[in-house]
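Below you'll find the structures, each written out as structure tokens.
Shared between the two complexes below is chain A, which pairs with chain B and chain C, respectively.
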Partner chain A sequence: MFGEKALELVKELKRSGDGSLPPYNEDCVRQVLDEMKALFEQNQKDVSATVAGEGGRIAGVQLRHASLERNKRCLLAYVYNRMEKIRDMRWDFGSVLPDDVKNNLNEHELSWFGRYNRSLAKYMRSVGIDLTQDSKPPKSLYIEVRCLVDYGEFETEDGNVVLLKKNSQHLLHRADCEHLIRQGILEHII
Partner chain B sequence: MAENKERGSLSDILNDSVDSEINEDEGEEVTAAEVLERLEQAWLNEKFAPELLESKVELVECMLDQIKEMEENLKEAGKGDLVGSLHRLEIQRIRYVISSYLKIRLKKIEKYAFHIMEPSNDKTDYISRLSAEEHVYAKEYCKNVEDLLKSLALDDMPPNINSLDKKKSVPQPNLDSYLFMKVLQPQEQVELDPDDQPTDLEEGAQHLVRYSVISSLLENGAVALT
Partner chain C sequence: MADDSLYGSLQVRPSGWDYFELDDILACQEKIPCTFETQVKDLGFLDHGSDSEHIEPATKMELPFWLAKELCARQRKIISVELPKVYREAYRQILEADATAVDLNKLGPYFYSVGGKLLEFGNAENPRIAETLMMTYMKRMRRLMDLSLNKLDGSKESQTLLPKLDHDEHNVFAFSQEGLREFEQWKQGVISKLTSSKTVINQRKRKRTEDN
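Right, the complex of A and B next:
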């Protein structure tokens, strides 16, 4: 059946769930594109035969064209939805992706991520505010955090130096430690 | 109750720290507390509206300047100073509102990038609703996405279907979605439902309506989304 491979791609992405990205399925994408090419060539043959006067081939052409459009749509959806996931990761992980995520990206996706990063940084510079900070409404000025790894010394905004040792607990400015929490170095104790 | 207290302290702080009043484009004079109120309203509207609204970048810039000024004033306050730390917390809250507002707008621009950037006669001119920075961002984003789709899929497709149809196959906001709104200025004879009689909207009343019906009222500031 035409279009089955393309549907498989979409299903695979859907099944992977939120927040995780399966490796880019190069093989399957290639197969879909080959199928499209074959459909297109067959269509061209039939169309020129019809033009030459042979009847009864229109229905086949229409069916193949519908399959072509479906394949296109599925493929674009696959690429676009992966892109959206990668985009969300920029907001979760910051400008540097963890290696295990990076390995699942195609080279084009990697360069897309780089360009997205740059234009986002440019925007944030031009407005003069870091949008990745202040992601939750603040309840208090200081929050209590526990250190999950040995990080070493950390200088806060007002110039104090804190030693972040594993399993130590600190009371820190929210603005100072928000990105450390996101990186998994600190844990917010509620 | 606590909310009220916070509100009270917030406006005190703002009025304290603002000696001069700020001039807006229209020439009317507003205090920082009013700017913040408008910004909060713009933030809520943007949050609930399905489409991109008019940019309120002048409010954002004004508030950012205010914050800077307040932070300067606060440098003198010591660490254990209760009033100082309350002020700092208020600054954090304002920062949250600003960054959330800008973020919501960015997310909308990203989601509907092609729809926004593709000019067309039969829909709202979204480009004029973008701030200068957002316009640059939207252009770059569109180009990036298009390049990605091309290099990964479209370029290898047969020639008759290898283009991106920007009118049909792009995400568009659902303008008919229902939302809650509150009436700020009374209106007469508004047609909320095509099958129903037109109704008068009283001040302070809340309605559950389709967005497309009230979008023009929202633009005038006659209603607010809640």
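Right, the complex of A and C next:
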């Protein structure tokens, strides 16, 4: 049946679940596009045959057209859902993606990510608020955190340098460490 | 019998709203038994059971929903559509007898949404199908909410229930567990605790398994 390759793409993305992005499956996408091209060309032939007066080809045209639309939907959904994931990653990982995530993006997705970054930064500058800050209502200015990995030296906004060593505990400015908590480097102790 | 308003509320939502929805794409792949009414030229290879060049009239084939809908909806009908087995009278009776005992995941992980889509074919049994879907959902919902809203993670009962859930029911279960979890956190006063994002955690897990 037509549309099976395209379904594979959708299934692959579905399987990957939340928070992980499989490598862009260039090979499969190309195969779908090839199938679509073949369907389209056959349809054009059939339509011109029908115009020339040969009967009985309309059913085939309809079937192929439905398959074309289906393939289109799968491809668009594949690209769109990947884009949504990449957008969410901007909020989780910050403006720089880890290398192993980056490797799974294709060239266009990378440039999209860059542009999204820029628009977001521009918007946050224009309203004067860091939107990635204070994802939950802050209760205090300083919070206690424990370090989960050896991170190294970290310079806080007021210029102090703290050494973030595994299992060490610090009292830090909330604004300084919220990103590090989201990235799983620090743990918030309550 | 179902009244008109119940049936109306189960009608499929306008096309386009879930165009990019992966689950809807997968649900549309569900196979529907169809019979061809006219000849379709040059596409005989789609029917693995025959060697002929064309699809002849009266050929029976299982087509995915997305194709069946297109070939059936136009004024000139190319195929006629039958109900898939699990939506026929025999299964409806099983569901009516005891909806909670049925393994809906086995009947098709998208049991409800495919059932809703089938209504588009204008089958004479439509009101009955709609009614069965609704009643099944209502009967099963009670136990599902009972289990998902009272205990977090893995009571024995929910372990036996989970594999039998339809995809939509799974979502309901997950959402109400999430709600319960947040309620517990609120009671302990740790709702304002900052946590690392799920994406990052999953990413790290994957990395760790790859490294090994």
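The working rule: the second predicted complex is superposed on the first by the 169 of 190 C-alpha atoms of A that agree within 3 Å, B and C clash if a C-alpha of one lies under 4 Å from a C-alpha of the other, contacts with A are read in each partner's own complex, and residues count from 1 in each chain.
Just so it is clear, contacts are C-beta pairs under 8 Å (C-beta built on N, C-alpha and C of every residue); 3 or more make two chains touch, one makes a residue touch a chain.
Since we're looking at a predicted model, the values are computed, not measured.
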Clash-or-fit label for the pair chain B, chain C on chain A: fit
Touch count on chain A, higher of chain B and chain C: C
Partner chain in contact with A:Val162 - chain B first, chain C second, else both or neither: neither
Which superposed partner A:Leu33 touches (first chain B, second chain C, both, neither): first
Which superposed partner A:His188 touches (first chain B, second chain C, both, neither): second
Partner chain(s) touched by A:Arg87 [first = chain B, second = chain C, both, neither]: first
Which of chain B and chain C A:Leu131 touches, first, second, both or neither: first
Which superposed partner A:Arg115 touches (first chain B, second chain C, both, neither): first
Which of chain B and chain C A:Leu75 touches, first, second, both or neither: first
Partner chain in contact with A:Ser67 - chain B first, chain C second, else both or neither: second
Minimal inter-chain CA distance - chain C and chain B, angstrom: 5
Doubly contacted chain A residues - partners chain C and chain B: 69, 73, 76, 80, 135-138
Residues of chain A defined as touching chain B within the complex: 29, 33, 36-37, 39-40, 68-69, 72-73, 75-76, 78-80, 83, 87, 106, 108-109, 112, 115-116, 119-120, 122-123, 126-131, 133-138, 140-141, 158, 174-175
Complex interface listing, chain A residues touching chain C: 1-3, 7, 10-11, 13-14, 17-20, 42, 46, 56-60, 62-67, 69-70, 73-74, 76-77, 80-81, 88-89, 91-93, 98, 100-101, 135-139, 143, 178, 181-184, 187-188, 190
Chain C residues within the chain A interface of the complex: 19-23, 25-26, 28-29, 38-43, 46, 63-64, 66-67, 70-71, 74, 76, 78, 189-204, 206-207
Chain A-facing residues of chain B, complex: 60, 64, 79, 85, 88-89, 92-93, 95-96, 98-100, 102-103, 106, 110, 133-134, 136-137, 140-141, 144-145, 147-149, 151-154, 156-158, 160-161, 164, 169
